[in-house]
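Presented below are the structures under discussion, each in the form of structure tokens.
Next, two complexes with chain A in common: one pairs it with chain B, the other with chain C.
What follows is the complex of A and B.
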């Protein structure tokens, strides 16, 4: 009994030692944490500065440009964005006095991003499946041409696309904004093809024996299995479409098709005599960026996991 | 339930030099458990896939029951297949996996539920019905794959190496379960494996294939006792049969000081003056120095009740050993009682006693069966 008691004390001492050793801080780890915190601060600072500027009055911004807190707190910037501030108040705060219909722009942006995302997911997944699984003559050559498309800078396709959209009579129309990227992008096809190639062929053969058609296999077996990469692609596409500036700027002229990014540029240009309405501009930018920030923070982990292609195993 | 018939079936992939399966004729009786066995690349999986409709038949015909299914779509053949990697749908629960084919066939819900529950009970899967495949162990996934097959009540089960992803212990256990289950259900089963032990223990009959050509179809004991040729003799049995090559003189096949007499029939069938003599490890006996021929012991493998002695024949002895497997060096194997005093580097004299199989050197055919 005594010896057992001694042993157990020794064991507990050892455990304590290991615990203490574990708790002991590792300088490398501390350094890594400090570095990460610095990176996070650098990344988040612009967003904080936007918020701080948006919540100030324009006049106070010039008086105390270095203040970390809003020099003179005001929600006027946000009110101007949503069109709830009177003209007198706007002039008094040095804000843009213009009729900006931000709700309309948000709606347009949502329509465009949704069209692009839904279209790309449907068409690219079908094309990717064909490239990954179906056997047809010239398949790899066609795929090579698609992939070569990745190397063409988007600025090169701007003019041909514009001519096409104009010929189709879709200038100043949300469909015209969405159409060039709605059908496919080489990246989306490449991304999904890699995933489909990793799906064991036997699963499709089992489905074939279970009695579903080829098209049924695609929609009932392959697509549900690819939910993770499709979600990732969907989020990435949605964000890209939401943030796109140059193409919508070229094809939208009126509020009917104007998206948020273009509207922000116009908001900045329509400045009163006193100078740029920084508070209003930052408020608008925050409003424009908020949906994407929410989307990314909710799905960030999923995106990283899926890009690592470990969806199946 | 139905019998299966292969008639002159050929499968040749476009661009391939020789067919993967050539002129296969095979008759599988209703309710029979037939095992297709052979080394990798022998065409056994291709044969099964042709039967499933997943591979095109180049020539010949396949019949299930009375129906010619050579060009029938897989879904219309009324067969169920268990794949090597199980091919479970990862996004569906066990219940959905098992029920999938019935759902596609638009069975009424209560019938689907009844059949799924029944299959789950039979395979001891009831408590896992609401889990996804990734939350199951290898053995459980294997059972789900079985469940998916039996729930359809098909005319035939096709199994493509369904045990090869399991560990050794579970494999033996599952082997017995599959045998029992298929016999209980009485459904014709075609089972592909490269493991001859699996083939011998499970099959009512075993079909041995090599390079796309059917070598022999018979019961496991007949394959063991009367192999049709040198390949079957070397492939079936563990450890495999020793095949010696020696000269033939007026007295018979000469193996050192032992002479195996040859009948007139044997002599007439021989195409040269050498012969292959196949002797199972249990039929090789240790004899005194004036009999048989000498060998050097390389290794003694103690298994408890028995021991296997692995030995090489010295170059001076005019008996050559045929290498039956590329993975194994040409060594004579003999079975001796366990805890024997034979040690490495010993010199022994051995001689075939009991059954010796005679094969023609050129054709490899068993001379007894000609």
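What follows is the complex of A and C.
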């Protein structure tokens, strides 16, 4: 940390500068690190608290709300979530007695997120390629309209979408949840178009000369070359789809199509008379958050580095 | 509507300042991907999860936060059950979830600023504060403008957190626009009225974006 940004200056001045800055910024640096650590603590504390609560019994949570370790260790919360606890035990522990089937919700969430991701990657990459390379009349106008679509708040399209899905008879169906975002989002098209535009034209022209069709070029040349941005977009889309709440809340009513986020809201509303089943609820939130945490820890570098302005101007 | 505006002001104000601070600290201190990952982690959980965890931490009787308040001699606060506290609390929950993401956006912007300008300023003997206000902030303007436009649009559409924690109550204190629209459409089945309100929201957002774009001159940069 001795000499940040001081390159290519003569030694004497460098020493002089570092000395001065050392005296000046050291307390500031320490302060900044302290602030950073506080930020990290604020960020991580709720996650720890989730775990701590999930592994406690409800009775002990009431008795010792301030204990930093689980006051009385128990996996009852998780057992209730996965339905492996008998009704009597659940009542005894002050837990929510429900017939909620979290495996089913995990399955539904997975189906929805996978459908949305697969659909978006396929259709958006095709559309993005068309906008980036193919020449047709009014291309830029159509693209402009797409970009304007980025600005439209989701609630604006929500009611029309709901009516449409209802007319299609897809209410309370996983397909109905996935459909509105499955076909395309303006963001994905915009994001991919930027990458496609940077692929050198010569490669495509060479392939065209070799007699490969446009569609062949798209699948054999463009897609492999854009594997990295496609993967990034895929991960981000998967997370967004997994975490969505508003839309699934509107179109799913029964276990048949209920996804995890909606199930959590209902689990919270179904509290027993003795008070909220916090242990069970926190266990459920952990279950809902865990897949994304795993996904993130696997791809952290890629996700973190994808956030930036390289796509946006 | 007033509730929504109050929420947006609180949420955006605190979030932007926090994010800017985190971004600056990260920029100056470390490039560690791990730290960036940690800062981003709240963004990965859904709004519902974030809302539930904070609902538990801030619970009036059992929440750890109120427990701490009491142990240092303060009174317990019904963060989500008190009319005056509910909106600021929800705003802060969403700050917690989004500040890391916003910080990373600003951080990415900071890295595009040329080092040469800073060297020149240091050679001229400018202090840290001076450098921040006279160089970093003005150069960051286009990026900040984009970040603000994006976060404000998002902030106006707050729904998940409110729906899970308070559901619009107590006494309509957290009845933000989107909750109201949802209630209109699916609680009272007035689809026409609800649609009209969402069109209204769209127009408001359009106007806000346009004004911001003009005011902040988001399309231009001072780097040239």
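The rule we apply is simple: the second predicted complex is superposed on the first by the 265 of 313 C-alpha atoms of A that agree within 3 Å, B and C clash if a C-alpha of one lies under 4 Å from a C-alpha of the other, contacts with A are read in each partner's own complex, and residues count from 1 in each chain.
Basically, a contact is a pair of C-beta atoms (placed from the backbone, for glycine too) under 8 Å apart; a residue touches a chain by one contact, two chains touch by 3 or more.
Predicted model only: the values in this text are computed from it and were never measured.
In the superposed model, A:225 makes contact with chain B only, not with chain C. In the superposition on chain A, contact of A:212 is made with chain B only, not with chain C. Shared-chain residue A:48: touches no atom of chain B or chain C. In the superposed three-chain model, the partner touching more residues of chain A is C, compared with the other of chain B and chain C. When both complexes are overlaid on chain A, the residue A:202 reaches chain B alone and has no touch with chain C. Overlap of the chain B and chain C contact sets on chain A: residues 312. Considering their complex, residues 5-6, 17, 24-25, 28-29, 32-33, 35-36, 39-40, 42-44, 46-47, 49-50, 53, 61-62, 65-66, 151-156, 158-160, 162-163, 239, 242-246, 249-250, 261, 264-265, 268, 278, 281-282, 285, 288-289, 292-293, 296-297, 300-301, 303-305, 307-310, 312-313 of chain A touch chain C. The touching residues of chain B, when paired with chain A in their complex, are 52-54, 74-75, 79-81, 83-85, 87-91, 100-101, 104-105, 148.
Across the interface of their complex, chain A is touched by residues 18, 21-22, 25-26, 28-29, 33-42, 44-50, 52-57, 59, 61-64, 67-68, 71, 96, 100-101, 104-105, 108-109, 112, 115, 118-119, 122, 127-128, 143, 146, 153, 156-157, 159-160, 163-164, 178, 181-182, 185-186, 191, 194-195, 198-199, 201-202, 205-206, 209 of chain C.
Within the complex formed with chain B, the chain A residues making contact are 200, 202-203, 205-212, 216, 221, 224-225, 227, 312.
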